[in-house]
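Heads up, the next two complexes both have subunit A, just with different partners, subunit B and then subunit C.
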Partner chain A sequence: MREEVQFFVSRSLQGIVVIWGIITAVFMFRFISPTNPARLIAPDDASEELVRAIEIDLGLNDPILIQYVSYLTGVVQGDLGFSYSTNTPVRGRIIQVLPATLELAFAALIFAVIVSIPLGIISATHRGTKIDSVANLTSLGGVSTPNFWLAIMLVLLISVQLGLLPTSGRPIGLGEGIRMLIFQANIGGLTTWLSHMILPTIALGTYFMALLFRLTRNGVLEELGKEYVLAARGKGLPNPLIMYRYVLRNSLTPVVTVTGLQLGGLIGGSVVVEAVFAWPGIGRLFITSLNLSDWPMMQGVLIIVGVGYVVTNIFVDYINSSLNPQVELA
Partner chain B sequence: MTKPIIKVRNLKTRFFTEMGQVNAVDGISFDINQGEVLSVVGESGSGKSVTGLSLMDLIDSPGQITDGEIWFHHPDLAAERGAADDAVDGEFVNLRSLHQKARRSLCGTELGMIFQDPGSAFHPALTVGEQIGEAVESRRRIARGEDYDVKEMLLDLCSLRSSFVSDESYDEAIGLLEQVDIPDPIDRADEYPHEFSGGMLQRAMVAQALASDPAVLIADEPTTGLDVTIQAGIIDLLRELQADTGMSIFLITHNIGVVSSIADRVAIMYGGKFLELGPTDRVFEKPANPYTEGLLNCLPDPTDATNIIEPIHGNVPSLLDHEMPAGCSYADRCPAVTEECTETNPSLQPTPETANHLVACIHAETAESTTTFPVATTTPSVLSDGGASADE
Partner chain C sequence: MISKRTRTAVLKELHSNKLATVGTALILCMLFVGMFAPVLAPHDPTQQDNSQTHQPPAFMGGETETTRLVDGEMQTVTEDNSGSLTHPLGTDTNGRDVLSRAIYGARTSLLVALTAMMASLILGTSVGMTAGYFGGKTDTILMRFVDVVLAFPALLITLAMIGVIGPLTFFIPDPFVTSGLITDRPTHMVFPVTITAAIAAVIWVWIARVARSEAIRVKNEEYVTAARTMGRSNFGIIRKHVLPNSITPILVLATIQVASIIIIESSLSFLGFAGTNLSWGYDIAQGRDYLGTSWWLSTIPGLFIVIAVVGINLFGDLLRDALDPGIDRGEV
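Now for the complex of A and B:
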């Protein structure tokens, strides 16, 4: 227990350093941008005086160091600044769209894990058979298909041609759906939510699924050749138990690592998929802000994604060390 | 007194690789008697380990046992199947004709195995006690006739205990660790393999094999890679355990010193075949095959500095089917080779003085046995100690 506390404290301290780096880098990005935010905010026919006044109001004329310190103190206190385009707090806007992205990311993650791991095991244990070839081919397809293309094809085939599922949008969140179920005994909310989730989930999760499939298959194949698996059979252990306790355990270490890394990637990388499905998530928010040169908003999004990466990685290391006692918590 | 417990007849294990067919075990026949230590000696790549794995039925694709019979003394199973069954001969059951499930359940109850490298034969992420406990538990479950399949495993995982090993089995595992002289067995059981020293881990490996309460223990190079002092400890331990439990030991090794200190009988293996088989003293005192002689000449004598070690020149032959010589596999390294050797493949024949001392060499003096080595399912008396020895 003490080890665990130590681990989390020391890793959190390291994480804070990384996050500080992210904030600094993100802050610096603004100065690369050629656009003057004051001019964006001001009306087209605004006079120079008005633009100057807005610049002063935004603090753009202060020395960089002062701007940096005031931004940093703001972020530390949870204040990500105000959007240039809507003049509303960035934090509020991010909190508003974050659930949509998180839902999609987790759904894609769960889809990928649930499909890839059993498929990887079956493929490895039936090495060289037709099942293996089909699974391999599918995964090759999954890895090499760009997700925006897959997304468009899914929409064309399933929504437009077959009319089975809605094309885009997210009319209702998961939390709202559950609330409808509990308080109004109406399952309609959840089914609507689900029907809008399916296609984006597949589009976002397929690449990841194919990746995990390959990792699982290779890991299981490698483990199957280990002498301790032979020894386990020699002592009469039942096959399912050998598979679970002896084979999967070690072959899952890379799977867990990649899952953690990709979860961060799923949050940040859903930009294109969100655009195709008009998904009101953080990716779309980022694209919109980019088009408007809404720097505070973009900075806020990048910081949130960065924090997500750092936190998931700490947990991934923890899970790995509990899977393998030779990896010490440090 | 000496009744066989395993009768192996014409066992052939092949590996079908991209390079071609590998005849790792090429038609060997032998008996393991009850309560004896039979040792197989040979260089690396002679097929010793594959013989052991074949007995355990642990040959994996691309390998396969292609021919032969393994008769195992199991009166209960024989009675259960009935004498009319093709797989039954008296009290013996042919393991090769059992269904996979029945075959598997014998591993872990009647047959136990010690692996060469305990560091890789234990799972690194499970404690030693747990792994030995699993062996105990699976023996118990097989004894109770319980099935354990995906369904049972999922139920186990969902239950609060979520463990395959019961407390009793874990306690028995601690007892086994004590039996193999591991100090502080309760604490050590909770440690992982990488926290053990090599010798201690080999002891734990022995304990794991004992968990099956085996009638035959297959020990694949149990002392290789250990310090000499620790080797002696392991050999002592095996000897003690054998005396206590009366099990038979099939000891695979390339260490002749180990053989002479523990084995009752020894088989010299080369190129997938036995070249010589007989009582240990007899074989080492009066080797009948030039290869055995060559092996003995490779042994250094620490008390005699003038003793010259004579290495056997050349390498172990390739076991690839299409590269195997037509005649004796040892012919191209043998100092006594003649033209005939490269043409005729010798079979095991009894030597004139001792009927249970067999040799496969066309130049060796053999008794006037008219038939070649029998491969039938009937027990040839010369294969076991039970045969009338000429020197008794």
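Now for the complex of A and C:
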């Protein structure tokens, strides 16, 4: 217990340093970027005086250090500023679109884990057979296919040619679907949700699935060759027990690490996948803001994603050490 | 810089592994296609022809029935719209040749990927070597900086860098056209400076991490201590001893990263930040609007990406198996 408290305290301190770095980097991005926010906010035919007045109002003429301190204190208090294009609070907008992206990222994560780990085990235990070669080729294809192209191909095949699933959009969220089921006994909401989720999930999760498959297969292969497996076999332990009790436990460490770390990668990947499926998430928000040079919004998204990564990272290390006592909490 | 032992190991792996041979062949093909794009492309990739729009690839398509206004009456007419060998992979909405565009797309991808890889290699190796060799405060500061970059998904931070740098492109005269060897082809190659710089600015951290751990491994070897005792400068030791002994895993990672760079580049051009319209990602984005009628527009450039990336991944696996540097790859 004491060890754990120590772990969380020291890692949180390190994490805070990185988060401070993230906020500073994000502040510098806005500062260096060639756009003048005052011109963006002012109407096209605005006079020079109006632009000057907006600059003063935004504090753009203050020394950089003062701008930095006021931005930093704002962010620490949970104030991410106001959008240049809509003049509404950035935080509210991000909270509004975050569920769509998180739903998609978690769905992709679950899809990848459910498919890849069993497939990796089967492939490793049937090494050199047809199943193994097919699985290996599929995973090579998976890591080599850009997710946006895969998304378009899925739409082309399943939505356009076969007409099985909707092409894009997210008419209903998971929470809303569940509410409909409970309060109106109507499963329609959930099925609509599911039908819109399937293609984006596969498009986003495939790369990750292929990656996890490789890790699982290699991990299991390596463990199977070790002497304790031979000893366990010699003792007459049944194969499934050896597999689940010993081999998997020992080979899952890299899988857990990558799963945790890739949550950030999934959110990065969702930027493009969201663009294909017109998915109203954080990625689309980011692209729209980039096209409008809406820096406060972009800064907000970057901070939320970066902080999310740092926090996930700490928990991943913790889970790893509890799965595998050889990994020390440090 | 590449030792004989390394060369033998790679050649041996190449002989014993068929997939690796395929990968190497694919990479050589891509380099060839990219370099000699003006010679290989059957048409000018930017040449528009309104009488030849939406032609399917050769041996595909056929007679289709459409309803249109003929002499003031709606009539069902049969139109012959089958592919021809003039445009082996069909044409797009503006009648441009899909194959030629894909060939020129390879060139853009290569230009971005190789430049970004070189830049990231130089920056990453310098920072990583410095951090690993000197250790202490230098190491802590540099590596915290790396941690900050790593905290963002690569694509998101690349997009942010595009916002920071602003759109920049650079025109390079095409040697085949300026020398008069080839006519009717674009006279300049467009080099998308912004996305190259943005990608390099992000991807170097992976190189830095590997370079750092290699430098830490090497710096306590006896020959380094010996060199220090002989009074060699720190810079001299890094250049003469540490770098040559840690270069293999760094180069392997850099090779694998080319695959990631190609995917990031195509994603950025798909999203419309390419700075050039001769790019695989751009063509895929353009073809999206015609999925129902002209499937080949988005499909073909994507296949080119997959083939290129498969080639690099296979080649990377070959290097890794042959040299076994035990590194993890930089992910998108």
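Note that in this section the second predicted complex is superposed on the first by the 330 of 330 C-alpha atoms of A that agree within 3 Å, B and C clash if a C-alpha of one lies under 4 Å from a C-alpha of the other, contacts with A are read in each partner's own complex, and residues count from 1 in each chain.
In the analysis below, a contact is a pair of C-beta atoms (placed from the backbone, for glycine too) under 8 Å apart; a residue touches a chain by one contact, two chains touch by 3 or more.
Nothing here was measured: the structure is a model prediction, and the numbers come from that model.
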Based on the superposed arrangement around subunit A, label subunit B with subunit C as either clash or fit.
fit
For A:Asn250, using the defined touch cut-off, is the partner it touches subunit B, subunit C, both, or neither? Pick first, second, both or neither.
first
Regarding the shared-chain residue A:Tyr68, is it in contact with subunit B (first), subunit C (second), both, or neither?
neither
Look at the residues of subunit A and decide whether subunit B or subunit C touches more of them.
C
Looking at the overlay, what does A:Lys235 touch: subunit B (first), subunit C (second), both, or neither?
first
Would you sort A:Tyr318 into first (subunit B), second (subunit C), both or neither based on which partner it touches?
neither
Looking at A:Phe8, would you say it contacts subunit B, subunit C, both, or neither? Reply first, second, both or neither.
neither
If you stack the two complexes on chain A, which partner ends up touching A:Lys226: first (subunit B), second (subunit C), both, or neither?
first
Touching A:Ser33 in the superposition: subunit B (first), subunit C (second), both, neither?
second
Draw lines from the C-alpha centre of subunit A to the C-alpha centres of subunit B and subunit C: what angle do they form, to the nearest 10°?
90
Distance of closest approach, subunit C and subunit B, by C-alpha atoms in Å
11
Residues on subunit A engaged by subunit B in the complex (per definition of touch):
226-228, 230-238, 240-241, 244-246, 249-250, 323-326
Where on subunit A does subunit C make contact in their complex?
17-18, 21-22, 25-26, 29, 32-34, 140-141, 143-146, 148-149, 152-153, 155-156, 160, 207, 211, 262, 264-265, 267-269, 271-272, 275-276, 286-287, 290, 293, 295, 298, 301-302, 305-306, 309-310
Quick check: in the complex, which residue numbers of subunit B touch subunit A?
53, 56, 58, 60, 104-105, 107-109, 112-113, 115, 117, 120-126, 134-135, 138-139, 142, 148-150, 152-153, 157, 164, 192, 194, 208-209, 211-212
Under the touch definition given earlier, write down the residues of subunit C that touch subunit A in their complex.
144-145, 147-149, 151-157, 159-164, 166, 259, 263, 266-267, 270-271, 281, 284, 288, 291-292, 295, 298-299, 302, 305-306, 309-310, 313-314, 331-332
